[in-house]
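Two complexes, one shared chain (chain A), two partners (chain B, chain C).
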Partner chain A sequence: MNEGLADFLRGIAATNEWWVILPEILLAVLALGLLVLELLSPNIRKLVPRVAMAGQGVILVLLLAFGCSDCGGVPEESYFGGLLQSNEWTMVMRVFFLFSALMVSYLGGLFLARQNLAKEEFYHLVILVAAAMMLLVQSNNFVMLFVALEMVTVAFYVLVAYRRSSSLSLEAGIKYLILGALSSSILLFGIVLLYGVGGNPALPGASGDSLNFDALGSFIALNPDNPLVLTGAMLVLAGVCFKIGAVPFQIWVPDVYQGAPTPVTAYLAVASKAAGFMVLLGLLHGPFLSLQGFLVPVLVAISGASILFGNIAAVTQGNLKRLLGLSGIAHAGYLLMGVVASCSVDWADRAVLFYLITYLLASFAVFTVLSIAGQGDDAETSMETYRNLSQRQPFLGGVLTLGLGSLAGIPPLGGFIAKLFLFVAAFQAGLYGLLIVSVLGVVISIYYYFGWIRTVYFKSTGATDEAASAEVLGIQARCVMGFLVAAIILLGVFPGAMSLL
Partner chain B sequence: MFETHATLLLAAILVPLLAGVVLAFGSGLSTGLRRGVALVGFGFPMLAALLLAFRFDASLAGGYNFESKLATGLESIGIYLHLGLNGISLPLFLLAGVVGFAAGLYAIFSNTERPHLYLALMLFMQGGLMGTFASVDIFFFYFFHEFALIPTFIMIAVWGGTGRRAAAMEMTIYLTLGAMLSLLGLVALYVTSGAESFSLPELRAYLAAQPLSETLQSNIFALLLFGFGILVSLFPFHSWAPKGYAAAPTGAAMLHAGVLKKFGLYGLLQIAAPLLPAGLAHWFPWLAWLALGNIIIIGLITIAQRDLKLMLGYSSVMHMGYAFLGIAAFSVVGAGGALLMMVAHGLSVALLFMLSTCIYHRSLTFDLKAMGGLATKAPVLCAFFVAASMASIGLPGFGNFWGEFTIFVALAETEVTRWLVLPAALGIIISAIYGLRAVANIFFGSPRAEFAARLENDAIKDVQAFEKAPALVLLAALVLIGGFPRLISDRADAELAELYPATESLPHFETIAVTPEMETRKETH
Partner chain C sequence: MADLLFYLFAGITLISALVMVLMPNAVNGAMCMIVSFLGTAALFVLLEAYFLAILQVLVYAGAVMVLFLFIIMLLDVGEDSPAVKPAKLSIFAALTGFVILSGLVISLFTDPASLPATPAFEVAENPTGLSANNGIPFTTSAKSFGYSLFTKYMLPFQMTGFLLLAAMVGVIVVSKRITETEPEAETTD
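Then we have the complex of A and B:
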């Protein structure tokens, strides 16, 4: 055993290329630095949000500059003795997560300005989550995966309950904590089962290092019917489905989305979900490759149920944050369809990535409007808040229309192209039943997405239109939303632009 | 040919879209500037369409005029922004240009709230319409059609009449359902044909070389038939249309009923029927019976309407039945008749919707029973409305006549479809009943007391210039086609002959086994 450990450590020492995770290290330093800044003096403390944003911006630019110089053909390479693996996918996803964090920091600034809460820790936590997610997509070992995932989850426990004075936020925090801990333990149990059975010397292909994806993959290939392998894989799958909010692990979604501060909701909706999908794709095409025949029917069922449940439940929902949560379940269902298709159609995983990117842009467009227009209690925004928004704030009305249109999948917006890719992939994979379910889902979703759009344009019957809320939009807000909307339209009209992004 | 003409085709799509963007951000523009921009946005596509129609070379049948091909980053799945016109798409491209111009002209000079937004949304629709009929690539054909979805919804929600909340939602949900089904059908064509391309000529070539199995054809055809059918208000999926059009503001109703609705028929005519003949043969009884449902059942419902706009909405649903029958006949004559019918109907229904708004501005009601005697005060309006109603009924001299006539000829030419002629002809009587009754109720006879009082004082004027100009444009086009149907058929015939069997030899229908069930149906008629 000791010898094995020594080998392992030696392997790590031989391939510990620290520069590979330089962005993550810089983010961690930035996060800690923010805490230090807070201690110095009240004047400096005011700078924290700006430093946080600037720091993330610089790291993003560096990542783009150095990452993309060899983006075209980043070879698949392992580092740290197989703990981490990087390829062009992980490169794209790191940018994805960092951009999400930057957007959440921006939304956080809007949110915190209205609240009497500690500001600095918010940025600290957001940045930590980003760093952990970036490690998560690169992990090639169950220990690495679990540690990164826990770091994300624990930081989210705090973020969800950030509004200490609000009972809804606290309730959301408790629910996320309990169910999150449960799902983590299920995931861990699955990992342990796989590790145990993979190390059983009586079985062919047993390895001392069955936490490593490659070793585990070759073990499973030799023992695809072992009941312990199947159980373990199912448990791991259940843990991941909790993160992406798919049926039947969606129970936490509406409450947590409602109670969490709006920027955190956006973070959960976009980045946390995307991380879950990346893990799922990585597992299905990595260690669980030879279990696809067993897992695909399960995933098909989960996908269909998520699409139907999310859409139908959202129809009667009046609270907008809950509505976005429920519709997010449906989006998870569409994405799962792409994941299933990727088992037999080789380009389907790129369709999933494209969907995630358009989902990111559209979601942040909607959440930005939500952060600016939503007044009063953050958790209680209803349709009424948006009545006749198009006349009071034409710019916000337009952004909301395009964002929701893209989520609904209407041309010429990016969301449509993303859905088209998924449909073509699913068709090629022969998933006819799921296709019919998702067409139904899209039609149902028109009701609530367009119902919201209608409210934006509908004149109020009474004379309750107070001009009070007609505060002038800052140039910064205009730029951010303008960028998101331009990207949504660009991806819809010229999807080739994706290679530029 | 990728020079001026192909560029003009692209510009006919882009100019309205750009004008729309300018107006969307142009709430601060002066009235004159706003009108100027909108006029360019609506006028340019029509002029371009007319010019291209003159330069059109029908001898290129099977191929396309004015082709251009741009990559938009979807090459990996065989999608290009591939534009061009053939004999089938040219008439509809012209229709879109003319109706769009008339609708735009009316919208520019009539009073609306938030005019810049109204015009911007109409221009987005217009750009999409031009693109739909100019697309060779079936992906972009679909893509441009969906441009109209959000604008139509917003227009009904903001500027609509009574019942707009529910009507806008019902219409959008229905249209999305139809669109998603037809999208699935198009994707199915793409995947099963093996062409790895969404380009229509390539799909055609692949399917000609290796026709799909009969089951596959009929499954895909079902998706397209019902998907497109919902978009064209095929009975019994029509309920969105009358309500939606009744609630829609004039501009949206003109563009939607006049042009956009022809998308589904165009899809059946250009894509579904020629590519999947066995599918059409399989679904022929369904199509024929449902089309009769459009003509007879909806026709009777139309007679029962008291509301002018609802009546127009139902009548437009009813007339779609003829176009379906023309396609069902699956011959050069039938398809040509359907094409003529689509163009003429688009012009006449747009004219009727516009005139109904003109009437409303004078009568302040859509209730047919409450009006009467309007001709004394507005004789020119009366003349326009009578002409438009006659066209819609299908009187000789207007384009609609040739469309219906040709469809009847096509139906009578083969044994399988001959029984359809009689019930279809009944529809003409039905439409004469409601059309003439509407004219009588609105313009002649003695009005009810309150309307009579309005007629007494001089509040009511005849048509203004801004109403007259678009009406003249539409009416002129109707009469032109009525007088010279060859303007369209000469350009379309060669292309139709490529895609459809000639009527003398209908090889395709000989292969259909006439089922005993169909025999009995024939006897009942």
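Then we have the complex of A and C:
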């Protein structure tokens, strides 16, 4: 190899600043360490859940202590030869994903204690997913984006099918596998089209590295009407919309949410969706900036359809996990409205982030109750399980009420403020039609959320209280749920508290 | 000479692909697929993409085909399995594909403007120099893949390793039979 090339390669390798992704590396090491621990004696094996939770907690604290000290208005910086880019959002999102993983590990502990399943691998996969999502939101290159997204998706295939003794879980796994592979291939096809057209030397602005978001963005700015660019962007958008479960790509949501183990459903609902939205925001404000005129009407249509479909389909739904899945489609619709608004209103991306955070808190509150109060077969959770819950378990009933209230958007809670921010952003962006649709959606959603809450508080006329096995809540569970509820109320009363996080 | 070889290998690829689709016996079909892959690999060699040709043989004709054969044997699909009647949907799909294909062929051969007048290598020179392609030379040798993988794409490369690990762990999780009955609470199912 000649000297110039060697120097050049050294120059590229010098931008591989591994310390920037130290939290992700630590998570990967933790995940590997768990597999090693599992090999040791059975006594050590029992420690795996604790080691997993403690490890994630330590990394979360380190991230908060060292990462956020200088995250106020950090300039955008590129690392790894432009593969990664950090800005003020990425740090918040890394904390977000790590916190989700910690919650899922906790819920996983509750879930696995009741099941005769492999235990240690669950934590391994959850941690790997968290690390991959943390890299996903920082990626600034389609190679990085695709590898990180595939890592998330492959681990989710396994997590969804984790309860292999249950046919519903296996069905969910197969559905997620096939549709996930299909959506990945659509996304990949879009990426390849963009790469090919962006590297065409006959077109202005072509670059040798058109997978990079910056290079691709400047290429698209010069060729916004190229049919290949438009096709590629649409396909990429379709691939991302699958991940967030927006309407034309929502078929998998109810079945997968129902069949997957409850902690995995929570993970899918919160972290996977948030990752999809962050990718979407990054793409719309990055490489697809000059395509906004073309993409915005498409996104408006998807958003409106998602809100209406999710809410209307949820009304008649008796299975609670399916209900949460369908209402999750509606939430994806509201969030998409915020994403569309962010094209013209500059603070709307903050509103999206705020919504994601309140959605995280409320969803985990509801899913924690679901994990604790749910009966053994966690795919068949019906309303009847929760009949009169407030009498049997007042604490669980209260947490469930507040969580559902926040999801519905009831005034003193965080979900209300989050919805309000999104609606104001949409109003300022002039999306009046979409705004009417989403207000309609909220009204419909109140019906089914309150139907559930009503079940919690009232006895049915003829039902016997045979499920009155009042498990005593551990102090740990009370602390976790108390924290979630306190955060929901705090964000509702004092939204500025988000800046503390 | 190269033209002759191109037509030879292209013919082998197409004919064996056709035979594969029409073959009633799945194992024989898989064998025809290997021949088709080898023909494609030969086409890559004609394009001087040696690395791609080797990968085509190793990965597709080798590993992927072994996987296919395993699945065929596991499913035990013999010659006696009844021929699947084509559903309405697949007839529709075949018709659509045929219409698109014939449209493409007609537009190619009747309208000369639909083909680019100048070949791609005349539009622009293959860029040379270190700034082009981020300093990694345009070659088809395995070496230049290595340069990229271990400098610029080091992070995705490492992540792919974790991806494969997750897939492996997943296979074990989904197929492992748990013998010990140790759950604290009552088991269900």
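The working rule: the second predicted complex is superposed on the first by the 484 of 501 C-alpha atoms of A that agree within 3 Å, B and C clash if a C-alpha of one lies under 4 Å from a C-alpha of the other, contacts with A are read in each partner's own complex, and residues count from 1 in each chain.
One rule holds for everything that comes next: contacts are C-beta pairs under 8 Å (C-beta built on N, C-alpha and C of every residue); 3 or more make two chains touch, one makes a residue touch a chain.
Quantities reported herein were computed from a predicted structural model and do not represent experimental measurements.
Superposition model on chain A: chain B and chain C are shown accommodated side by side without a clash. In the superposed pair of complexes, A:Phe494 makes contact with chain B only, with no contact to chain C. Judged by the touch definition given at the top, the superposed model places A:Ala486 against neither chain B nor chain C. The superposed model places chain B and chain C at 150 degrees from each other around the C-alpha centre of chain A, with the value given to the nearest 10. Contact with chain C, but none with chain B, is seen for A:Leu117 once the two complexes are overlaid on the shared chain.
Contacts of A:Leu35 after superposition: chain C is touched, whereas chain B is not reached.
In the superposed model, A:Tyr447 makes contact with chain B only, not with chain C.
Comparing chain C and chain B on the residues of chain A they touch gives the larger count to C. By the touch criterion stated above, A:Ile178 is placed in contact with neither chain B nor chain C. Touch criterion met: A:Ala148 reaches chain C, while chain B stays clear of it.
Once the two complexes are laid over each other on the shared chain, residue contacts for A:Thr401 go to chain B alone; chain C is not touched. This overlay, made by fitting chain A, leaves chain B and chain C with a least C-alpha separation of 30 Å. The contact sets of chain A with chain B and with chain C never meet.
By the touch criterion stated above, chain C contacts chain A in their complex at residues 123-124, 127, 130, 132-137, 147, 150-156, 159-160, 162-163, 165-167, 169-170, 172-176, 178, 181-189. Against chain C, the residues of chain A that register as touching in their complex are 4-5, 8-9, 11-13, 16, 21, 28, 35, 80-81, 83-84, 113-118, 121-122, 124-125, 128, 131-132, 135, 143-144, 147-148, 150-151, 154-155, 157-158, 161-162, 164-166, 173, 201-202, 208-209, 376-377. By the touch rule above, chain B contacts chain A in their complex via residues 24, 27, 71-77, 114, 117, 139, 142-144, 146-147, 149-150, 153-154, 157-158, 165, 168-169, 172-173, 176-177, 180-181, 183-184, 187-188, 190-191.
Across the complex, chain B is touched by residues 347, 390-391, 394, 398, 401, 405, 410-412, 416-417, 420-421, 423-424, 427-428, 435, 439, 442-443, 446-447, 450-451, 453-454, 457-459, 493-499 of chain A.
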